[in-house]
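Shared chain: chain A. Partners: chain B in the first complex, chain C in the second.
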Partner chain A sequence: MSLFEYAPALESTAIVNIADKYNLFINGKFVAPKSRKYFPTINPATGKQLSMIAEAGAADVDLAVTAARNAYVKVWSKMPAAERGKYLFRIARILQERAREFAVLETLDNGKPIRESRDTDIPLVAAHFFYHAGWADKLDHAGLGSTPKPHGVVGQIIPWNFPMLMLAWKVAPALATGNTVVLKPAETTSLTALLFAEVCQQAGLPDGVVNIVTGAGATGAAIVNHPGIDKVAFTGSTDVGKLIATSIAGTKKSATLELGGKAANIVFDDAAIDEAVEGIVNGIFFNQGHVCCAGSRLLVQENIHDEVLEKLKVRMSHLRLGNPLDKNTDIGAINSEAQLAKIKELSAAGDAEGAERWSPPCEVPTDGFWFAPTIFTGVSQTHRIAREEIFGPVLSILTFRTPQEAIEKANNTPYGLSAGVWSEKGSKILWTASKLRAGVVWANTFNKFDPASPFGGYKESGWGREGGRHGLSAYLKASN
Partner chain B sequence: MIVDSSESSLKAFLKTLPAVDEVGVTSRAAMLATRSIKTSSKAWAIDTAISMVDLTTLEGADTPGKVRAICAKTVRPDATDLTVPSVGAVCVYNDMVATARAALDSIGGEAIPVAAVATAFPSGRASFAVKAQDTMDAINAGAAEIDMVIDRGAFLSGRYGEVFEEILKIKEICGDKAHLKVILETGELVTLDNVRKASYLAMLAGADFIKTSTGKVTPAATAPVVLVMLEAVRDYYNATKVRIGVKPAGGIRNTKDAIKQLVLVNEVAGSEWLDPALFRIGASALLNDLLLQRMKLRDGYYASPSYVTLD
Partner chain C sequence: MANTPTERIDVLKTYKLFIGGAFPRSESGRVYAVKDAKGNHLANPSLASRKDLRDAVVAARAAFNGWSGATAYNRGQILYRMAEMLEGRREQLISEICALEGVTARQAAVQVQESIDLLVWYAGWSDKISTFAGSTNPVSGPYYNFSTPEPMGVVAVFAAAKPSLLNLVGALASVIVSGNTAIVIASEKYPLPAITFAEILATSDLPAGVVNILTGSSTELAPWVASHMDIDAIDASGLTAKQLKEAQIAGAQNLKRIRVHSSIKSAPRILSFTETKTVWHPIGI
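Here is the complex of A and B:
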């Protein structure tokens, strides 16, 4: 027991106003679903229901696509690019003004710590809108020819791990490039997307430019398969990504897919060890490990394995798990019962396959969904926990002997989204980065995001890039 | 840890220390600065911080009157509330040690040590004979803690043996009569790699405390510097089972800053260091802000600064 216990420091929830039920946002208005169905959304930290969310059926999706098409043809495609940019700037400013409200709502609905929603998610959301607002009238300088053209109506399906940030990654570039949007948030985390719909109204965004249809997999399939959709953008699991790719094969639709990952975080023996430990923690325990680019496979040079492990355990014993609304919480709740079951299943597989499990002593709340930060040592490439994406606060620790072996192991995965390299030797970092088959390689840091930096994967981690100049090409057809 | 004071052995040892990544340390420190310390834990932190203050006056204009005044405040920081703990020590130049000792003894502060800055503080630019005499004078006058400065010139030109020898010899002079705090003057060492190396040099040479700064150079006790020093004492303890103290000094002016320091201690070195025997804060203006915040917690409103004494 520490001498210095931090008393609860709860962020007030008075700033958010959660309705009993939410309708669909189509053509600038909130409308009841033709399906007449609603489903509950809960606070994963307590298991208590927050609200009821409309479940959009095929007829509702059709209305949304029609609204988006009308808005595209009649308003958005005719508007001067500089005017489009103004709307994005306006949205960005409103998001900043209402940042605390979004952060609290995100934490309530998703379970992530308020420190992260407040200091990472929402500031990055605003940054993405500001960044893309600047691009709106400069697209002829994007390297895609003199007059690149938007696709038209874009169907976007986003995951539950960064609900607002993924919305921003999708909506901001789509609007900046002149597309209109039908967006489906994840069924467990719809609330901030629906608050964003209010922001669109507040910004005076023309009706139908952004439409938000809530629901689960069937709603997503209705979007993907709707003939009025010109392009699909999806972030989520590799399994669903493959389904989407199959269903749009042979159609006019193009797609960007941002899928799973099993990132290697490589720590060489000449790394700054304390900061590498910090990077390991940030790599896997940020957002409870619900991060597609999480550094879930630690590859540590064998000659420093024990030292790194000892320091990692000390560092992990300082992680504070608990109420996500507490400003001092480092590890929040697991987003859903289903996800918790998956994490437990894979962790049990780790035990069964002979890896050694360790967690710091920590009290885990009884209500809601929780999983203590966990590491597995003695993991080899053949273990399931070294190959499959766990998407939770579970780190697999492997060792390597030489830089060549580190590269071999790092690339020995069907995924290729991200990787980390820790060394104080610049030439080694550059050599390693050039050999890694991963879309993002961080050097002496991890999980750093910036709207100007393209993000996306190799191999089964996805198609295309989001963010930066590269990300624009996902929403534009190049001209001559 | 096997080192002797030879230049080559020290250099070889310091090379084995892992590098410090400045960006990583800075972001870790920034994250820890977001810790929100409220209500009961804030009350505990304020009293703990008060008990860790080395109340300091290090001015050319120091007089016996000024020194007696801060001694009175050291023993009884808030005359209207005797539940306020005494501070950790009073810190003065060596010619003021006798005055301070006598003043403390005359008002019930026998248990409070007098710390003296020594070894040609703050620059350290004098012959070793002068530095040794400076130290002996302070101890003879009753100093129980010696805050020495390292020879930054020698350190920056790579003469680690000289830095080490000097600390070793001052430690011999201190013997069991005085605790030795070694001031690294991190503002002049500049890089965090240097901070880590200098911390180890001081610990290996026998420092009881490592201290950031003289207070005469900016920047002083920045959070990244303190974080690296706390890592050094933590790792040194793991290797030797000896706990060395840390004293940030300079630039810690208000309660928020002081609580941030305690959070660093708690989450980097560990709660064993949350003890005036292992953590001190060198400050002067800080104490009054701690007292004002303490009144705020007690009374529920902010008192006018007129309610704390200016000494």
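Here is the complex of A and C:
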């Protein structure tokens, strides 16, 4: 029994039409895969199959790359930049028009709460296209010389945690800078990418400028290793990122990689505690913790540890886990059985290594994949739950005494994607932000994203930035 | 060479490594013979080992917080000081370059002058990098959001071989001006100007460990550099295509940023060894 009872407030699914089967989107058309293979995609909140998705083999990837190359050579690279930008503006507008449809479909396929897909993911998707549309005819102001050039055909591989948002982060800057695209969505979340293909058709985007090939790791490898790919953009695990870096060694291909993280969220004793607790919750439980930049290591100053912990537990007791389509839901379903197994395995390691686990009383649905919001106290830096990315709603809590110790612990990780800092003292905020070895620092806030704001990591969190002027350099070759 | 009793014998220099501000010999005790362009023996510089490299990485990492935390003005003054010290060592470097590279005294003098001027050029960049590569970003919400370039950390430098001093100075200055610390693997064939340059660094107020210079075999050291987990980036401009590919494969273990540059005087070269950090803070009352 939760603290407050709410009447169900279900978002209608009538707005989406899910076909029985989806083909590949190559050269502006949906085509059956030469591989003739299809795989199921399920709703992780129910475990029920939503549809069947084509599995692109090497021959299909080859067709997609050829289509992208033809579109690049014959159409996209010859088009005036302002016209190219107008296509992106069109796409942004259609995405806004069909935003609710995308949000519902995203929630069905991914398991994230409708509140997040509706209020965060899809609005940011449209914003990304609108932002980059404006860049298309201003690339001489990108800081890359007077006539920067696109790479050509870009292979893009995206994860399942923010399916449409990651598509937008990849496709919008690639098209704005004059590249054409072969994109592979994650195998558990292909549906919104295929709906996006329909948006490209509605926008009249020239055939072959965007190609979408669905499939799993083998399809991704076929893209990365295809000789017709000029540049690779990948968001996903650090292990796969390293594999890609190895695969393209000795070639002319360049790569941007957005990989894992183990962000420290530092709470000083002069923080506004209630706001910090909100930030801690947002930092780790947003999107079920399926966030590469999640604040998964809470570093709390020792003298306020008990107070923060008590307030955090009260706040967590108010989190509502359940049907992602319910507008009151805070925590949705874990995206897949495999991911749930990984979260369980690492959490069990937390128990085994001596950390103390706590979850609020929380009813977990019987069907689908679920994991209650969880914190571990008494965590030391050597524990696996303090070092490895869990990618789930699991927070490891560590303490520190001095700001120097906080910095040392925060930076004691091979990752460097993001970090958080909470203090009401401006000079301390800026000092901490300057010492943190991370690409994004959220001060007195967490998990904020914007197309104008560069995102990306230090160290093993990846190569390059996405968003803002800095993100354009990933898709352009500088001129003098 | 026979000397008459009245002729003075030159006091020759022992060319040693430069690690953590000191000039040790290789822990391995190894040296190798360097000859001039005509094949005459010049010196026996150290043949650095994997252990020397690891010592250099420790020194470079230890120096990183201080150097990256120094003011840009301070870093700029130290690079300028390096130019001042280089000016005073012109004659020595000219004679080393002449002997090693087989160029005329005039060509060597031009190379040294260009190296001095290049240091002055990079010195002036220290407090301008953030201005042209940073930004405030107009995000859609009540947040102040800004991006600044920051040094990557410890960078290993394989400078292109010839012209030896100019390539070394350009590569090194572009790496350290933003606050990185460096380990230079000197040109195997032309190592002497690199060690003389280390003596310049030692008298330029440059904190110990910010630059470390190893002489020896790049074939031997490059794989250890590429697989070292506490090196963040490599300037691979001096590696062969085969060495570069091997370094990219080994470097993938910790996702090293590996760069190859053709221009020694280049602002993008500085930026290629920086990371962009973006900070968000709410705006409100």
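The rule is simple: the second predicted complex is superposed on the first by the 476 of 480 C-alpha atoms of A that agree within 3 Å, B and C clash if a C-alpha of one lies under 4 Å from a C-alpha of the other, contacts with A are read in each partner's own complex, and residues count from 1 in each chain.
The rule we apply is simple: a contact is a pair of C-beta atoms (placed from the backbone, for glycine too) under 8 Å apart; a residue touches a chain by one contact, two chains touch by 3 or more.
The structure displayed is predicted, hence computed values, not measured ones.
Contacts of A:T445 after superposition: both chain B and chain C are touched. Once chain A of one complex is fitted onto chain A of the other, the partner contacts of A:I273 are limited to chain B, with no touch recorded for chain C. Using the contact criterion defined above for the overlaid structures, shared-chain residue A:G143 touches chain C, although it does not reach chain B. Applying the stated contact rule after C-alpha superposition, one finds that A:E460 touches chain C and leaves chain B untouched. Of the two partners chain B and chain C, more chain A residues are in touch with C.
In the superposition on chain A, A:I429 makes contact with chain C only, not with chain B.
Once both structures are placed on chain A, chain A residues 444-445 are touched by chain B and, in the other complex, by chain C. Across the complex, chain B meets chain A through its residues 18-21, 23-25, 27-28, 34-42, 44-45, 48, 231, 238, 262-263, 266-267, 271, 274.
Residues 132-133, 135, 137-141, 143, 145, 147, 152-153, 232, 241, 244-246, 248-249, 251-255, 257, 268, 275-282 of chain C are the ones that touch chain A when the two sit in their complex.
The touching residues of chain A, counted against chain C in their complex, run 127, 143, 238, 241-243, 245-246, 248-250, 257, 259, 414, 429, 433, 436-445, 448, 450, 452-456, 458-460, 462-463, 465, 468-470, 478.
By the touch rule above, chain A contacts chain B in their complex via residues 2-9, 115, 119, 270-276, 278-279, 310, 318, 327-328, 424, 444-445.
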